[in-house]
Every structure is written in C-alpha cells, then in structure tokens.
Amino acid sequence: MGLHKYFQSLSDLEGIYRCPGVFKYQEHSVASHSFKVATIAQFLATVEARNGKDVDWKTMYERAINHDYSELFTGDIKTPVKYALPKLRELFSQVEGSMTKEFLDKEFPLEFRKTYEERFKEGKDGSLEGKILSVADKIDLLYEAYGEIQKGNPESLFFQIYREALASIIKFRDMVSVQYFIDVILKEMIDEETISQTKIKEITKQLLEADPAR
Amino acid sequence: MGLHKYFQSLSDLEGIYRCPGVFKYQEHSVASHSFKVATIAQFLATVEARNGKDVDWKTMYERAINHDYSELFTGDIKTPVKYALPKLRELFSQVEGSMTKEFLDKEFPLEFRKTYEERFKEGKDGSLEGKILSVADKIDLLYEAYGEIQKGNPESLFFQIYREALASIIKFRDMVSVQYFIDVILKEMIDEETISQTKIKEITKQLLEADPAR
Amino acid sequence: MGLHKYFQSLSDLEGIYRCPGVFKYQEHSVASHSFKVATIAQFLATVEARNGKDVDWKTMYERAINHDYSELFTGDIKTPVKYALPKLRELFSQVEGSMTKEFLDKEFPLEFRKTYEERFKEGKDGSLEGKILSVADKIDLLYEAYGEIQKGNPESLFFQIYREALASIIKFRDMVSVQYFIDVILKEMIDEETISQTKIKEITKQLLEADPAR
Amino acid sequence: MGLHKYFQSLSDLEGIYRCPGVFKYQEHSVASHSFKVATIAQFLATVEARNGKDVDWKTMYERAINHDYSELFTGDIKTPVKYALPKLRELFSQVEGSMTKEFLDKEFPLEFRKTYEERFKEGKDGSLEGKILSVADKIDLLYEAYGEIQKGNPESLFFQIYREALASIIKFRDMVSVQYFIDVILKEMIDEETISQTKIKEITKQLLEADPAR
Amino acid sequence: MGLHKYFQSLSDLEGIYRCPGVFKYQEHSVASHSFKVATIAQFLATVEARNGKDVDWKTMYERAINHDYSELFTGDIKTPVKYALPKLRELFSQVEGSMTKEFLDKEFPLEFRKTYEERFKEGKDGSLEGKILSVADKIDLLYEAYGEIQKGNPESLFFQIYREALASIIKFRDMVSVQYFIDVILKEMIDEETISQTKIKEITKQLLEADPAR
Amino acid sequence: MGLHKYFQSLSDLEGIYRCPGVFKYQEHSVASHSFKVATIAQFLATVEARNGKDVDWKTMYERAINHDYSELFTGDIKTPVKYALPKLRELFSQVEGSMTKEFLDKEFPLEFRKTYEERFKEGKDGSLEGKILSVADKIDLLYEAYGEIQKGNPESLFFQIYREALASIIKFRDMVSVQYFIDVILKEMIDEETISQTKIKEITKQLLEADPAR
C-alpha cells in the first residue's frame, strides 16, 4: 500500500516489547527504546565532539533512530537466545535483511529505496557513529536492567543483563564519551541512595515534632 | 536450581504474548494458548474416539500441554516470519531443541530427563495424536483471528491468519473430527449474528412501549 | 449457539483473574492457572508412576484441564470468602453444577452431554487422580503467593495464602510425589538466593577492575 | 489493624473489576462505579428536589458512596449469576452481611461500629433515597453496556445487560427524575450520531478543497 | 449533546491517571480518587459530628464528589508543576473555571446551570466542609504515596509527596478529626509490620515440623 | 544527582500518555511519539533534500528527538485545553522553559548546559527544520486520530483532532514534502480498504469450495 504502510508501521513498534517472557515491573517497547538510544547517542556524540572528534551527526542520528526498525518483521528475539547463540543471531540478521528488502520493494517508491535500504541496515560498524550506536544501545539496556533491579525484581536474569551490558560498554573504553559515562554517570547510578521504609517513620516523626502546636 | 526453576518457569509463559507487534484488542499468552489447545484437542479426540478411532489419551494430552513450552527459550516469533520463511522456522526448531536439551541437563534430575526430552519435542507428527495437535493448534489460531476481526480490527493480517489457519485445518479434512468441526462448529461461527447499533434503538423503543404506564 | 459458543468461551477464562481485589504485581487468569495445574499434575503423576502407582492418565489430565471451567459461570470468588465460609463454598458448588448443566443442555449436542457433564464436575475426590489434582491446584496457588512475596508485595494476605496452601499440601504427605515436592522442590524454593542491590556495586566494581586497560 | 486497614481497603476496590470474564474494551472498577453512582444519584436527587420532593441528602449520598463496599469481601459476582439466581444473590447478601460485621468488629473502634454497620447495609429500600440508589446503580450499568456496544463489542451479553438495566429503570417510571432521564437523557443517547469512516474522506476532501492555494 | 454528554463524561475521569510520568506500581484514576476522598471525608465529618460540630452533610458530600470534575477539561497536571508553581496553579484554576462555564452553557439545560456551577467550583474554603475536603484530599494523596513506598518504589518523589501531604494535613491539626487521624490512624500506618522473606522460611519450617507424620 | 538523573528521566517519558481522559483503543507515550516524529521528519527532510533544499540534518534530528522532553515537567496537557486556549499554551511554554532551566542548572554539568538549553527549546520556528518539525508532529497526531477512527472509536474528538491536524499540515502546503505527503501518502490512507465481516464468510466459503475433496 506504499509509504502510508511505512508510516503506519511505526506504531507497530510500540507493540513489540523487549525481553518477552520475563516478569518486569515496567515494559519497554522497541519504539521507546529507539527514542532513548537516539537521545543517549546524542549525548555521547556531544562529548566526542567537545573533545575534538569529528562526528557525522546525520549518520549518527540516522543509525540510532532506525537501528531496530527491522524488528518489525521478526519481533524481539528472547534475550537468552541472543546471548546463547551468536550463530542464530547472524542468521536472523540475514533474514531481517531479506525481509526488509522485500518490504522496501513492495512499499517504497523506487526513488527512496536505496536511501532506506541503507537506513534499515545494522549500523554497528567500526566508525565513530557505529561505535556510538553500539554503546548507546547497551546503555539503554543497562538502564532497563537497573530499573528492574532497583524496583526489586527477583529475576536473576536482570543481573546477568546488567553485567553483560556493562562488559560490552567497557570494551569501548578508549572512547572519551564512554570514559565519561563510566567515571561520571555510572558512578552517580551506583551511589544513588537506596530508600528504606524506616525513612517514613523519620519523616512522620520529624514533621509531627516540628509542629509548634504540640 | 532444579525443578523449582521448571515450576517457576511456567509463569513466564504467561508473559509471552502471541503475534507481537500487531495491534490487538485482546492479547493471548502462550500459557493461555496451551490451555485452549489442550481443551480443543480433548474435544477432537472425543469425536475421534466416538467414531471408533483408538486415541492414545496420555500422548494426546501430553503433546497439547507441552507443545509450546520451548517458546520459553525463544519467544513467540512474529507471525509473518513464521509464514514467510519455513527454512528459518526449521532452524529455529533446531535451536529450540538444543536450548531445551541444555535446560533439561541443567535443571532436571537425571531420572526425569528422558521423559521430559520426549515431552518437550514438537509433537506434530503423522500419528492420530500428532494430527489432533496440529489441528487444535490451528483452531485456536483461527479463533484468535476471528476474535479480532469480530471486534473490528482493521489490520488485514488477521484475515490472512484466518485464511491460512483454515487452509491448514482443511488439509486434515479426512479426519472425522475435522469434518465435524467444519460442518458444525465453523458453520455456527459463520452464522453468528452481527450486532449493529440499530438494535439499541429497537430494544429501547420496545421496552418503553411495552410499559403499561405509557 | 452450540459448540462454537463453548470454543469461544475458552477465551473468556483468559479474562477471569484470580484473587480479585488485592494488589498484585502479576495477575494470573483462570486459563493460565489451568495450564499450570495440568503441567504440575503431569509432574506429580510422573513421580507416582515411577514409584509403581497405577496412574489413569486420561482421567488425570482431564480433571486438571477442566477443573475450573465452571468458574466461567460464577467468576473467581474472592479468596477470603473461600477460606472463611466453607458452607457458602458448598452452595456455590451446587450453583456451579446447575449452571453447568443448563449450559450443557443449551450448547452441547446430546451425544456429548454426558461426557462433558463428567468432565465439568469437581474432580477432587479420594482417587489418586483426584488427590493429584488437589495437590497440583495448591502448588500453583503456593507459587502465585510466593511470586508476590518474592517481588515485595506488602499485603499480608499472600503469607496467609502461602501458609494455607502449604498446610493443604502437607496433608497429602503420604503421597510419594508430595514427599518429593517437599523434600526437593520446596527446599530449592526456600534456599533461593535473595538478590540485594549491593550486588550491583560488586558487579560494577568487579567488571571495571577486571579491565586490563585500567 | 484498625481504621488504617479501612482507609487502605478503599484502594482494593480499585482492583475489583465489574463483569469479570467477558471481553470488554474498557474496564470499570468498583471504586469508579461508586463514584459514578454517587454523581448520577446526585443528579436524580436534584431533579426530585426541584419538583418538590423532600430529599434527605445525607442519606442519599451515604447510600450511593457505600453501596458496594461489601464487595470487598466477596468480589463482583459474575453478571450471569446475578441475573440467573436470585436465591443465591440473597444468600450472598447474608454472607456479605456477616463478613461486614466481622470486619467491623475487628477493625472499627466501638464508637463507630453502629454508624458504619448502617452505612455498609444494602440501601435499596422503598424510601426516596433507596429508589434513587436503585435507579442510579442501573443507569451506570446501562452506560457501561452502552459504552461497549458503541465501541463495537460483539458480545451479546451487553445487549442483555442494556435491556435488563433499562427494564429495571422503567419500573421506577413514576419518579419524576426517572421520567426526566427517559425523556431527555436516554433520548440524547439514542440519537447520538454514529460515526462512519466515510466521514474521514469527507473531512479530508473538504479541507483540501477549501484551501485557496489549490 | 446535553446531559447525556455529562453522564458519559464521568467515564472519562476513569481514564485520567494521577501523577503521570512517574513509575508507579499501582495507578489511580481521578474517578477512583474522588470516591476515596468522599469516603475519607465522610469519616472525618463523622468524627467532627460526634464531637459536637455542626456538619452540613449535603455540602460536605457534594464538594468531595465533584472536587476534581473540572480535571476533565485540563487533565491532572504533573505533581512537580503543582508543587513548584503556585502561580500557574492559580491560572489553571481560572482556566478550569472558564472551561467549566463553557461546558455548562453548552451541555446543561438552563434550569440546572446555577446548581452545577456551584458544584463544579473548587470547594476548599475556610468552612468546616471546605477544610474537611482539603484534609481528605491530602489523606488520599498520603495513602497513594505510602502505597508506592511500601511496595518498594525507588522514586524519591513519593517521599516528597508523603512529606508534603502530611505537612498539609498537620496544618489542620486544630480539627478534632485531624487530631484523631494523626493519633490513631497514622500511628497504625507507621506501626504496620514490614514483611520480610525470612518469614517464608519460618512458615514453611513451622508447618513441616508441626506435622505429626514426621 | 546529575546526568544519571537525565538518563533515567528518559524512561519517565514512556509513562506520560498523550490525550489523557479520552477512551482510546491504543495508548501512545511521549517517548513513542518522539520516535515517530523523528522518523517522519526524517522522511520529510529526505524529500526536501531530493528536491534541492539544503537540510541542516543535525538540527532537524535534534529538534525532532527533543521537542517534547519538557513535557516531563508538565505532563501532556489535555488536547481540548491545547486547542481551546492558545493563551494558556503560551504561558505553559514559559513555565516549561523555567522548569527546564531549573532542571539544567541542577542536573547538568556547566559544560553541557548551553547545548541542552538550546536542545530543550521549542524548535518550531520558521526555518526549514522548524517547519519540518511542525509538520511531522501533526502527521503523527493525524495518524493517532486515524488509528482510533479506523478501530471504531465512537468519540467524536478524534474526528476533531484529525480535522485540526490536517488543517495545520495543509498550511505548510508550499513545502514539497508536504505536497508529497498529501498527494501520495494521505491518498493511500483514504483509499485503504475497509474490512467488513462479510469477508470472513467469503474467505471460508472460497477455501471450502476450492477443496478438491468436497
């Protein structure tokens, strides 16, 4: 049905949830994830640029926004599969590729096909923009796992995800933006005060005692 | 962690939703689907038995209940992928197999492994029980699609699913239970009265006029 | 409208949630519960059979799958009512019975009525299959309560449910499968490591220090 | 634990959904229903008062707000049960009564018990306030059914509920407020314009043509 | 479309959630909140009346039920905005006022307009009923925050809300009902036993040991 | 708490839903909306660039991704308010501005503040990028309304939104990308085939008749 189909399909990404089949307090859709990755990548690129790196902003944003569009055709494969079977993952990439091609041929006018074929490709190559995407993708995953752990999720998988996401980020440690993330932002995350119920007693007591009428 | 892990994992099947990434009025989990397939298979087997077929009830129930357990390791692959790429599906089956094996070796005491390896296998073979499972699985899919169409889902995918599910069922038409399903139950489905808003006017008018006080 | 109505009604069980009116992190439908009870009963029966007991597999599965179908007519009565008033529960059983009868007479062809009247009956009698159903039903309830407690649910009702479910299971302790559940699976549940946020600090520190680049 | 338990329990009414086990586009909790009944009753009472009736406002509001509190102990019994078995309903009322009594004795200080025993009673007697409650309760049910029908719910039960709710309202036709509801508000409901997709074409065409640039 | 529009709009209040944009384990709609405020106000008024205060019950209930109706036109402004900018809040009140007026002129027959203009006004003035509404509104907010803290919500905002709600309540400490709330109900809340997972071990051990068969 | 707070806040945008207080079949968060606006803007910019316009891609993406971040502080104001009171909207912008400033001063290191103050500004000015943002924002709104209408939402507000969104788009008709959207994509939307239940009968009949076995 053409580009209308493409525009309409963006909404389907709101209905694909990440990490299916594990209890979560908060669900995250592929659409939301894409927004967050783009925003995180924007920050990393900003740090890189401030430190003299030559960021190709158009490419950087493009990769971040489109990097999971092809999940539309395949869904979000369960995390354990992703982590356990690199071979399958590769095959899946091929399938995603051919389904994306088919979609492009069917719905996109000829004039836009080449541009979008490029945009829908996995952008995690060795370029600065490719590396920024890799890191931003993992930072969002780290935050997803952190959010569950912080809310008290007893599922040990989230510790595993946290660990593997952080390990992946550390591999890009030579990047100044990653160094900044580790030294400043991750530190803030770790230092975040844990809230305990005793605090309620304190707040209540303190407010009641501060009251001059008593 | 052993069998406790297996018991606990049953709840994860409540969190894997079928057909991710398409708007649905009503979601169906793999756990619910398994229950419905077992109940539908029970009916088909009843018709077969009444017509003199020798149903192996233990096998029949076993296959129905366990047939999607391995989706726990892989998630529910998006419907279009399933339909478009039989080759990938096959590969996925292999992966499911090896992950299931790994899970069995890790969590199940030796004494139960063989039994459960058998139970977690794809049971859709040429036996009567295998065919009953194939049909019951498709009937539930047909009802899922029908439910969406009936509620007004504008997504054409559900017509495609309805069509492909029905086509698959028809292939088993030599089975007396399938014949019964087509002749009796499908007929009732098709004849179901569509409800229109005009009916509200009628009901209201009728009730108001029937009132002796007027 | 006939058997189509019966097939369609299976989906309604996906919309009846257990223990209404108490805050839960995770909801469980009657459909999902039926699936889990059948799977747990299957395990218990396997242990019994391995120990020389003569399991009637057809009956065992049948009772597990159908045991809550009649909740379709009544909904899931609130847990406190169930526990506080055995007399009402009994009366409810009668009502369920008569409503089930009425449903059978209206929707089922004569030829299937007797079979399904049997299937929709409460199957928790003194037979091995009846006892397996009783225990499996309570084990799933135990897991539901455990899941909430583990996720941090402050509602004390879940401790009460855990306690009463376990007490009911213990009553069947003479069964070898129940003994196995208590000695092996329950033990694993109790020993499960509780996850604390300190672990995040450790993981993070450990990963950062392990990095040779530092 | 005392009145804190009572205050806390109000939130549980947000988790009891009406008409469980039937597909609905929009769920309604007992808490929301109570709010709506109080607001509708307020309107009916206003009409009565304007027509010279002597409304006991305190009683009227009190009955509306508290009329379903005891569902906390029993849950919302499935609609078909309510409609099919008046005898059970009566018995349920007794049970609700004794559970409410027990709750009052346990959680309420002596000084408030009598007042709240009165408040938690079924208030649908023959007094003007009792009749207003009966009608308001049915009007909200009528709106719930209407909302589903209007959104395209294929479940015929909602027509049945609409019909029975309206029939109950009509029985109170001698009340001037009910007469007003039927003559004015119900009429508006029935006349409400149904929206069809063709309208989109029209809007679009109209806007495009109105554009002077074309 | 007249009063039908007003009746129908009550359901829209079920779809406006309080405190949008902060993770919550449990959502609360404006409709549910209104019900709870009315019930809490009813209790406070009862205490006042028992202590010789002359409560205007009609006014008290009216204000509680209608106090957030105008949020229909504006939505629930984010809590931080409410707390940070009293000036905007005031402006918002004006806007709410003029939108309410417009709604009344459009949908309400002339004869009801004056009554409802009065009802839709902010009722938190210095009268006993106004003060009861102010306190009841804050008590429900306190319970919302408490519910999140108790469930383990790591968001510090809920401590802030708890603190500010309690501080607001304390300002009305000269009211005998507020004194009662602080001395009796708040005390019960603070003393509520926190549940820890160790309890599961104890319950289990205790039940297993109590068993005479062992 | 610094930039960690900023990273964490991205997830809060997943919990702010657009158009609160109106029944919707499908909810859309501000995070999802931002993703879709960026993707739509990307397409419009592509058309502009292909037609010789000089697109500043960095600015274009930056504005699209960040354009609703400040809703974090205010929530999504109800649509009717937005449409009815341009004056309030303006005031809200001021408030958003000052809250954003405060947030920047508190959480952002000095070195990033200027960059992000720029990024969090309303970017809908008269530049090509500003106009692309204005149009993309409205196209997503148009699709939200269309999605509801297509699913059968009886709420007339969605027709109003559709109309106003389209009218806003038409105002930018001098842009070649808008012309393209109207001539090609909007046309496809309007021509989309409406699905009717009769189709099920046809599909079923056709499949059954095509079967050679019959």
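In this document, chain identifiers A, B, C, D, E and F correspond to the written order of the chains, with residue numbering beginning at 1 in each.
The rule is short, and it goes like this: a contact is a pair of C-beta atoms (placed from the backbone, for glycine too) under 8 Å apart; a residue touches a chain by one contact, two chains touch by 3 or more.
All values derive from a computational prediction rather than experimental measurement.
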item: Third chains touching both subunit F and subunit D; value: B, E
item: Same vs different contact residues, subunit A with subunit F, by half of numbers used; value: same
item: Option reproducing the contacts of D-F, where over half of them reappear, out of A-F, B-F or D-E; value: B-F
item: Reference subunit F; chain at largest CA-centroid distance; value: C
item: Distance between the centres, which are taken as Cα means, of subunit E and subunit A, whole angstrom; value: 37
item: Centre-to-centre distance between subunit D and subunit C (centres being mean Cα positions), rounded to whole Å; value: 33
item: Of all residues in subunit E, the ones touching two or more other chains; value: 11, 13, 23, 25-26, 147, 150, 152, 186, 194
item: Chain contact graph, described as a line, ring, star, complete graph or other shape; value: other
item: Pairs of chains satisfying the touch condition; value: A-B, A-C, A-E, A-F, B-C, B-D, B-F, C-D, C-E, D-E, D-F, E-F
item: Touching residues (chain side subunit C, partner subunit D) in the complex; value: 11-13, 15-17, 20-24, 71-78, 80-81, 84-85, 88, 91-92, 95, 99, 102
item: Parts of subunit F lying in touch with subunit A, wherever the complex brings them together; value: 1-8, 10-11, 13-14, 26, 28-29, 31-32, 34-36, 38-40, 42-43, 46, 50, 57-58, 61-62, 65-66, 109, 111-112, 115, 119, 139, 143, 147, 184-186, 188-189, 192
item: Subunit C residues within the subunit E interface of the complex; value: 23, 25, 146, 149-150, 152-154, 156, 159, 162-163, 166-167, 170, 173-174, 182, 186, 190, 194
item: Subunit F-facing residues of subunit D, complex; value: 25-26, 147, 150-152, 193-195, 197, 199-201, 203-204, 207-208, 211, 213
